[in-house]
Amino acid sequence: MRPSKRAADELRAVTLERGVSKHAEGSCLVKFGDTHVLCTASLEERVPPWLRGQNRGWVTAEYGMLPRSTGDRMRREASAGKQSGRTLEIQRLIGRSLRAVVDLKALGEKQITVDCDVIQADGGTRTAAITGSWVALHDCLAWMKARDMFAGEVLLDHVAAVSCGIHEGEAVLDLDYAEDSAAETDANFVITGKGGIVEIQATAEGVPFSEDEFQSLLGLARQGVARLIDLQKMSIL
Amino acid sequence: MRPSKRAADELRAVTLERGVSKHAEGSCLVKFGDTHVLCTASLEERVPPWLRGQNRGWVTAEYGMLPRSTGDRMRREASAGKQSGRTLEIQRLIGRSLRAVVDLKALGEKQITVDCDVIQADGGTRTAAITGSWVALHDCLAWMKARDMFAGEVLLDHVAAVSCGIHEGEAVLDLDYAEDSAAETDANFVITGKGGIVEIQATAEGVPFSEDEFQSLLGLARQGVARLIDLQKMSIL
Amino acid sequence: MRPSKRAADELRAVTLERGVSKHAEGSCLVKFGDTHVLCTASLEERVPPWLRGQNRGWVTAEYGMLPRSTGDRMRREASAGKQSGRTLEIQRLIGRSLRAVVDLKALGEKQITVDCDVIQADGGTRTAAITGSWVALHDCLAWMKARDMFAGEVLLDHVAAVSCGIHEGEAVLDLDYAEDSAAETDANFVITGKGGIVEIQATAEGVPFSEDEFQSLLGLARQGVARLIDLQKMSIL
Amino acid sequence: MRPSKRAADELRAVTLERGVSKHAEGSCLVKFGDTHVLCTASLEERVPPWLRGQNRGWVTAEYGMLPRSTGDRMRREASAGKQSGRTLEIQRLIGRSLRAVVDLKALGEKQITVDCDVIQADGGTRTAAITGSWVALHDCLAWMKARDMFAGEVLLDHVAAVSCGIHEGEAVLDLDYAEDSAAETDANFVITGKGGIVEIQATAEGVPFSEDEFQSLLGLARQGVARLIDLQKMSIL
Amino acid sequence: MRPSKRAADELRAVTLERGVSKHAEGSCLVKFGDTHVLCTASLEERVPPWLRGQNRGWVTAEYGMLPRSTGDRMRREASAGKQSGRTLEIQRLIGRSLRAVVDLKALGEKQITVDCDVIQADGGTRTAAITGSWVALHDCLAWMKARDMFAGEVLLDHVAAVSCGIHEGEAVLDLDYAEDSAAETDANFVITGKGGIVEIQATAEGVPFSEDEFQSLLGLARQGVARLIDLQKMSIL
Amino acid sequence: MRPSKRAADELRAVTLERGVSKHAEGSCLVKFGDTHVLCTASLEERVPPWLRGQNRGWVTAEYGMLPRSTGDRMRREASAGKQSGRTLEIQRLIGRSLRAVVDLKALGEKQITVDCDVIQADGGTRTAAITGSWVALHDCLAWMKARDMFAGEVLLDHVAAVSCGIHEGEAVLDLDYAEDSAAETDANFVITGKGGIVEIQATAEGVPFSEDEFQSLLGLARQGVARLIDLQKMSIL
């Protein structure tokens, strides 16, 4: 039995609430159980310096945690004066994941920045962030489309992410913090609506894992992402 | 007529929602109209170095804005590598305001940090933050009291804050962003339940203001804070 | 009796010495008793990026304390790698105060930076800095005028500042360090030659203050600033 | 045909040269073709603060690139004032990989820091660094063993790493820079001597990859790591 | 003829004014012509971490320039967030120069920090700073001696510094800014009362210099320092 | 007898290995005994902002030490977030030394950056770096010459550097770390092929040195540099 009492292949309760920001062109408050992440997509007319004049756009992400989103209060990164390696790693992952389903040429010379701010953390913040960011990005692009800011299709597919792990010898889906702390192996999968894999990050905490264990995790992730993408589809109806 | 269509002495719709954080010892989501600030109070067993061994506690605050809490996306302070002068000024004000109604000796050698994170901004974030922080602090102290972590009374009074300004020649209460941008004078008042003044910050934007104008602002602030403290009292029933 | 043996409404000995810098376009060494601040006004041909092309100028200020200007040596901010919240707060106040009496349109697309460096501190450094900065700014503008760098009037009025406080229950003017440390309430007032108020910052240290107490402080400040502006007038004869 | 003219499952020429540092307790200059990384293992008697008093040791890594190790000169991170997200990500990976084969309890309250400095880069610097770090760590532990600094076995297994990618539709092993730049998918595998998987990081550059493609990469990685571990064994004879 | 109209071996007007700080244990305002440096010596009871428990003291220095001490306003180092290489180099030089004439064992486990802040710059700020620092240090030690804070002699000798240069082919003493900018060679000499050399820094600006030229500079420096030390002696009478 | 058993005027074994970098336009691995420095010269088409449009080029240097190049591991400067004063001082010296033998006008509006990275340190890293940098610079200029990137001669002369010191009362050449730690005086000399002096830095560690001692050091340095320049000449044949 998992600490969360969920079945091995059961997601936490997932909700995707759109339009939660008065200011952002697109926004989504995503909840994976007690993990709550606010995703806002902001349109900017300028692209990074190295992309100027190439008639292509850019999609990027930033990630942060409120100091008391966690069990113990963490030091505020703005006060520490720098972002941690973990923060930088996660925001690079979110950006890559979104760009995998965007036609940057069709976007034109514009940048969309998706901010993912963790309001409350209970494991799986990066996978929730990717899943919710897609909705915020979708709405930002719809806002632009309504203003004829691009022609054709910019958003090529859905993308969502989920974590899996080996917990007390069993492969389980969508770990919460208690499960994650006790898991021997922790893996994050980013997969598209068509089933293409965008990113796999699997890490042994302590004992290395076997190929068979890995295949079980991948199988669970496929199911989990499929359900998350169904939820994305319902949320944007 | 004010842009907000409110009467000169009318507050925005104010709500104080307690217990919004799974982790924090006390928390409050405060809304002054479209200004939303999440306040969490975190208990720590250690005090700042300069206070050690004096058998007194400390209450401090930190303030931050989510990058897209504003109309245009702001640069993330964690990414910029430092907190702006405005941020530092506001968090110092919040801390001073709370300490004015706390008996630090009665608290004992512990620190409470109140994080005020602006989820959405529409003017008056610092006054909303002070008003909501009092509720989060109250609940953190109740949590400690229930665990016999101090004797006697730590929280001596209520404290709340409101802004006033001269807008098109008229003194008005609780400015939203549109009013604040157009105001000739902008003033923040921090006042206790017993009517003591903790802080006055009044600034001319452009043309200096007269003593009469200032007295009108002070009068409005007294009324506004009295109503905010009534709302605090109802919220903790 | 005040520790300084001054009457309640008595300023310290104030001097304003002009032309103390070989290089600066305007300069003033201001002394409020043992508080000595060197103010230099520097003309630059460029304005901040957000002001470019608007045919308006800018006046700004920077503030610093020499490490041993104080009783105990403070860490050098350049070595610490950042300016403290207090420093940022003070230099923003000085800049706002000066801009309240300057016609930025008449100045044209130029910037004047006033550096206020505390050579020796004994309380009231920010009010001395504002009072002396006005003289440095005046001389910088006279230097420009003599070179036909603008037409019309840029400097619209005098501006000066003074602190007041409640010390052992009595309202007193222009606190020195010993009085400031023991004061229950500390307030800074920035007032123009015509009597307009530019800024009020009043803070309770510990016990909140009453409205009556505040009115006494404001009355003292009016007298004090009037005398400081007389001294400014004499200094520029 | 690969740009490098190698067979799909062919490693670059790999050499592991031990004892290259006069000062370090263990060192290895590892070359994967034109990618050269200097790995030094340094013993320190103290552990990180959060591990003190637990009678366990720590193994960590730092990574850096010389400014002209690359085709275009990069800005020196010491001069930029911070390490990039990529640098932090890589050094965290190296540390995790080494700790997967170390018994930290047996090590006792000591820390070993492995510095991986890229002298020349031609793709695959992180996998070369992990492979060479194992040798440096081995020699550092042998140095300690010879001085009776621990009892039992600290080093439990070999660990090595290799990259694989899909290049022009074909799965290939150990990408050099030219291949890496053109690859559609880039994956890094960290695997132990016993065949346990420590880490998988697979990323789509542009188009997502299929599960079949991923399995081909994993197969190649197994072969490649097996050969790298044979080379480690020969190097420490 | 030198731009300054001085003879080749003529110092600028040099004054050493003691006791200029209300707070510092020792202080000196040194002027070499229009170069004015405020030197304050601060006693601290603690030594740097690497010196603790060795029963020896430490003398160190910090250097800074006010932003408008120079012809063009420089950026404030506290605002830039770091000290320049030039600043660090100069403060290390001042510290070494003072320590060359101090018996650190006799001082006991205390630290004296000499802050050298350039109020106005016209060339030779580092040599003026060293010369004035000696006086501030002397007075700090006299203050300590009067309080029986050490036994025996801590200050073993005088130390002073002067610059020399080759200007239009001629060796000249104590360059001001105009001469320094035009000099082909610039050299700084730190010499003690007994004639021992503490530091030589000679740099060719453009064309290398000959050994003969160097010997002329050294000769001038000897004369100049001898006169500076006479002035130190008179100042402490 | 010197700890190194060398004669007083004997250099360590010096080698200059060219072409050690696949990427750099010029490179040299210089060894002064156990001190090994990798020097790479990188050509960039742009010059520093303050030099733009003047039709002149620039030669600059950066210096770094690998963390375990020394007996005890040093903190990585990239991780500390800033370069030390020593690092900045050394890289400024290397840049000045190279520019003394370069015709910046003939170079045209281009910049050459020489990176000097200490792979292993045993005293004299700055003098080895200057000596090796000249070779890397020479080869970079030859590379440019072969591509007709400038006309005429850019490199006007050789330049090399050596340290000397007073060790147990005797003047000795080219100190290694053990000798340097024990030396009473430490001096670095940068001298050209024609015998012109570019830089002298002589520092007393503890007791000041006499003029006679200094002259002995200068004599040794002349011999040492002459031999180093012979080695440079042989290396570029």
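Order of writing sets the chain letters: A, B, C, D, E and F. Residues in each chain are counted from 1.
FYI, a contact is a pair of C-beta atoms (placed from the backbone, for glycine too) under 8 Å apart; a residue touches a chain by one contact, two chains touch by 3 or more.
If you want to know which protein each chain is, UniProt gives these names: A, B, C, D, E, F = Ribonuclease PH.
All figures in this text were calculated on a predicted structure; none of them were measured in a lab.
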| item | value |
| --- | --- |
| Same-interface partner of E-F, chosen from the options C-E, D-F or B-C, over half of the pairs matching | B-C |
| Separation of mean Cα positions, chain D and chain C [Å, integer] | 59 |
| Euclidean distance of C-alpha centroids - chain A vs chain D, Å | 28 |
| Distance between the centres, which are taken as Cα means, of chain B and chain A, whole angstrom | 33 |
| Rounded Å distance, chain A centre to chain F centre (Cα mean) | 50 |
| Residue numbers of chain C (touch at least two other chains) | 81-82 |
| Direction chain D, origin chain A - full chain order round the ring | A, D, F, E, C, B |
| Partner chain C, residues of chain B touching it in the complex | 82, 84-85, 88-89, 91-92, 96, 100, 187, 191-192, 194-204, 206-211, 214, 218 |
| Contacting residues of chain F [partner chain D, same complex] | 21-24, 27, 34, 38, 40, 42, 44, 62, 64, 66-71, 73, 76-83, 87, 113, 115, 117, 119-120, 122 |
